[in-house]
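Paired with subunit B in one complex and with subunit C in the other, subunit A is shared by the two complexes that follow.
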Partner chain A sequence: MNRARTTVLTVAGTLLLLAAMEGVGRLGVLGESWPPLTQVVAALDDPITRDLLGRALAATATAAGTGFVAGTLVALVVAVVGALLPPLQPGLDRLAAVVNAVPLIALGPLLITTVGREGTPAVIAALAAGFAVFVAATSGLGAAGAAHRDVFRALGSSRRATLLRLQLPAAVPLLIDGLALAAPAAVLGAVVGEWFGAPRGLGVLLVSSMQNFQTDLMWAAALSAAVISLTAYAALAGLRVAAARRFV
Partner chain B sequence: MSRSESAVVEGPSAGQHPVGPGDGTAPRADAEDGGKQPRRALLHTLSRTLSRLLSRYWTVLALVAAWAVWVRTRQLNQIVAPTPAAVFGDVLGHPGAYLPDLGWTLLNAAVGLALGLVLGVTGALLVWASPLLSGLMTPMALIMRSVPVVAMIPVIARVVGFGITAVLTVTTVVSFFPVFVMAGSGLRAAPAATRDVFTVLAATRLTRLRLLLLPHAVPAVLVGLRLTASTAVLSAMLAEYLLGTHGLGLLFARSVTFMDPARAWGTALVATVVSVLCFVGARAAERLGSARFS
Partner chain C sequence: MAATGISESPAEATPRTTPAALELRGATKEFRLRRSRTVTALASVDLAVGNGEFVALLGPSGCGKSTVLRMLAGLDTPTRGEVLVNGGAPAELVRGHRLGIAFQEHALLPWATAYDNVALPFRVAGRPVDADRVNALLSLVGLEGFTDARPRQLSGGMRQRVAIARALVLQPEVLLLDEPFGALDAVTRRRMNFELARIWADQQITTLLVTHDVDEAVLLADRVVVLTGRPGTVRHVEDITLPRPRDKALTRDAEFHDIVDRLTALLDEGAE
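== the complex of A and B ==
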């Protein structure tokens, strides 16, 4: 009963949001630059636009996906090293915080000289996703209960066995939380990375259509970026519900 | 990511270096001074603080060392990558070149944070007051959580106009969401027993909000602020860079255009330090707040 009500309200909220976007565009409340949603969708009828958007979407999704996987792997390795060698832990935490605090605009030119224009979006996506995963993984590895830890210690378990049999399983729910946050971060990283002169991608399309007053194209690119990260987030959030059932 | 790996490998050797001079000066300082005891105690605390700082920040030192070694061994041109010494020298030597733009960026971030705070708490209160609204807001909250707001800077600029309005809109939207979510969960965090007391005493909804729920929401809102403080600074810079409004972002864009790499990297350094400081400050505020309100 309560659940049905929530579903109905969520659907109503979604429809209301779409209607508001359409209405604002129709009535011209925010001027020319906010077109009705239907007009943006209609712009996709043109095969050239569709092709352009499709290629940009593929480039951004590839960069974000590569960055997400690479960033997650590196973050996991670093977090596990920190768990196995506790003296390193505070230094690694600070490193992650500082790397995360380096402004993206500063990384752009640096990465262009080191990894080139093509690789920059993926590397920025990896850094952005890696930070979210690292924070989640470190707090997840520390999430096992004190009583369980005592049992392992009393039974003379090695540090590696404790990690494998206690800490890693206990970390799974928080880790998936971190992955769900890392996915939008990776998309953001890829789009921002493309602002520094990548050959193609949604970020390139966003900036060039902004400068050329191609409002429909700009909105189509923005909505595509939103749809990618929403889909990735929703998929991982669903995974979290499944994992919570298994690992609690 | 290769940077973090190299830092792990090079860390200990690079990290131990600064301890040497600190320890070496200890006996000399003692010999010069008559009042040995307090001086020694001071030195002891100093070296303890130093080693604590070192155990936390050796990776950062290693990062700077790796940067210096990288520039040296690859024989990179100063235009491609300046040495750490050149960058630190530029920041310390010409603070006047950075301060006005730093002020703009901090202003953009602070105004955005304040607006985001007000809107976020208001939104959370509205949702608390009406379950209907709470259901209707769920999809919007989901979208705000997962859509990369900063990537929407071109769209935001097109809609609200280029210039400082767009920058403030970006920082406000970035700050709004964490505050909204945390305030919402804070309003629901009051313990059941205390809530029962209010029910028994027939407290009105408003009294309950003022005396019970808002004090419980404060620590949660401060957590939200900690999450956004440095993000607000960084997104302000990104917006300034893209839109060309006053601030560190514009200073960076100009330095790149006019081939002044030391200034460009210096801007990045200043921005990094400021955003770390914002985070540290917000964390201190969070600790104070949760000590006071719970």
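== the complex of A and C ==
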């Protein structure tokens, strides 16, 4: 019953939001730059627009996906190193905080000159996703209870065995929470990275359509980015439900 | 009423068997609170458990009895005095994976089945899992049909039995039990006591059981060491000469009740 209610409310909320968007566009209260949703969707009837958007979507999804995977792997390795070598832990935490404190937007020009236009979106996506995963992994690796740790110590477990058999499995629920936050961050990172002049992608499309007053295309690009974010988030949220059943 | 061999001096807890498998010599444990304040949990405790002996450490909560067990498991170190296991540091026994331990919190891995939980000590020790041994222990604790069950699918008593099977699976030299039945209801608890008595009769591992349940201590142990006060000190040592095997009939025995009453009175005095 509770679940059915949640579903009904979710669907109702979504429809309300879409209707509001359509309404604002129809009434023209926010001017030309806010078209009705139906008009944005209708723009996709044109095969050239559809093709353009499709290619941009694929490029952004690839950059975000690559960044997400790379950022996650690096974050996991760093978190595991911190767990295996406790003296390093405070330093690694601080390093991660410093990396996160640097505005991604400020890194853009720097990355363009170092890793190039092609690679920048993925690198920014990796930085954005990596921080979320690192924070989640670090707290996850410390999530095992005191009684469990005592049992492992009394069994004569090595640090490696404790990591593999206790800390990593115990970290799974928090880690998946972290991944669910990291996926939208990676999409955002990729789009920001594309703004700095990547050869293709939704970020590029956003900038060019804005400059050329292609309002429908701009909205289509923005909504596409939102769709990738939400899809990734939904997939990981589903995974979290499965993990909660298995690991708690 | 048979004589039950009360030691003359509480400090003289050394058994006749030599050498002691577990030994505390003047062990004192202080815990640091904030600022320079410290609290003494144990004050100069002497205790010896002989090879193959079952000793129950009985005391009210907060008397430091769990600290004794934690020091023997190498989870804590004494502030002063010595803690010896087979004449050496507890860490040596732990490093050799020769210690079995079970706590009040079952501390089973929630993501692992009963089988995998019992097999855990093999994996932690880096040894191949002896499936026959794991299955034999699961049936010893009466859980043959539950090998694939996760902890949350088991009752409290079943979880505790899995934890005890896990403690026994590597055929430890020393078994440390910290109120393993403390979270169970009275009926289940008593049933588990008789099961443990049966299992122990088979294996006769050197065992230290920490408990605040007087009946449990008398039912299971060869010797009951009463610890009282804050800081905890050994107040009394009682040899339990009740015949084994001990079963339900014993709980109706007059001598059993006599011992229980006497020890309960000691605990009561100590609490004042």
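The definition used in the following text is that the second predicted complex is superposed on the first by the 247 of 248 C-alpha atoms of A that agree within 3 Å, B and C clash if a C-alpha of one lies under 4 Å from a C-alpha of the other, contacts with A are read in each partner's own complex, and residues count from 1 in each chain.
Note that a contact is a pair of C-beta atoms (placed from the backbone, for glycine too) under 8 Å apart; a residue touches a chain by one contact, two chains touch by 3 or more.
For clarity, every value in this text was computed on a predicted model and none was experimentally measured.
Asker: Based on the shared subunit A superposition, would you classify subunit B and subunit C as clashing or fitting together?
Answerer: fit
Asker: Have a look at where A:Arg153 lands relative to subunit B and subunit C in the superposition and call it first, second, both or neither.
Answerer: Touch partner of A:Arg153: subunit C, not subunit B.
Asker: With subunit A at the apex, figure out the C-alpha centre angle toward subunit B and subunit C and round it to a multiple of 10 degrees.
Answerer: The three centres form an angle at subunit A of 80 degrees.
Asker: Just subunit B (first), just subunit C (second), both, or neither: which does A:Arg165 touch?
Answerer: So A:Arg165 only meets subunit C here.
Asker: Pick one for A:Leu44: touches subunit B only (first), subunit C only (second), both, or neither.
Answerer: neither
Asker: Contacts for A:Ile112 in the overlay, against subunit B (first) and subunit C (second): which applies, first, second, both or neither?
Answerer: Neither partner.
Asker: With both complexes overlaid on chain A, does A:Leu76 touch subunit B (first), subunit C (second), both or neither?
Answerer: neither
Asker: Quick check on the superposed pair: does A:Ala143 touch subunit B, subunit C, both, or neither? Answer first, second, both or neither.
Answerer: neither
Asker: Look at the residues of subunit A and decide whether subunit B or subunit C touches more of them.
Answerer: Of the two chains, more subunit A residues are contacted by B.
Asker: Pick one for A:Arg246: touches subunit B only (first), subunit C only (second), both, or neither.
Answerer: Second partner only, subunit C.
Asker: Superposed on chain A, how close does subunit B come to subunit C by Cα atoms? Whole Å, please.
Answerer: In the combined three-chain model, subunit B comes within 17 Å of subunit C at the C-alpha level.
Asker: Residues of subunit B touching subunit A in their complex?
Answerer: 1, 3-5, 7-8, 11, 15, 55-60, 63, 80-81, 132, 134-140, 142-143, 145-148, 150-152, 154-155, 157-160, 230, 234, 237-238, 241-242, 248-249, 252-253, 256, 264-265, 267-268, 271-272, 275-276, 279
Asker: Which residues of subunit A touch subunit C once you look at their complex with the stated criterion?
Answerer: 145, 147-148, 150-158, 161-162, 165-166, 169, 172, 246-248
Asker: Residues of subunit C touching subunit A in their complex?
Answerer: 70, 73-75, 94-97, 99, 101, 103, 105, 107, 109-111, 120-121, 123-126, 176
Asker: Which residues, counting only subunit A, touch subunit B once they are in their complex?
Answerer: Touching subunit B from subunit A are residues 5-6, 8-10, 12-14, 16-17, 30-31, 33-34, 70-71, 74, 78, 81, 87-88, 90-106, 109-110, 113, 123, 126-127, 130, 183-185, 187-188, 191-192, 195, 202-203, 206-207, 209-210, 215, 218-219, 222, 225-226, 229-230, 232-234.
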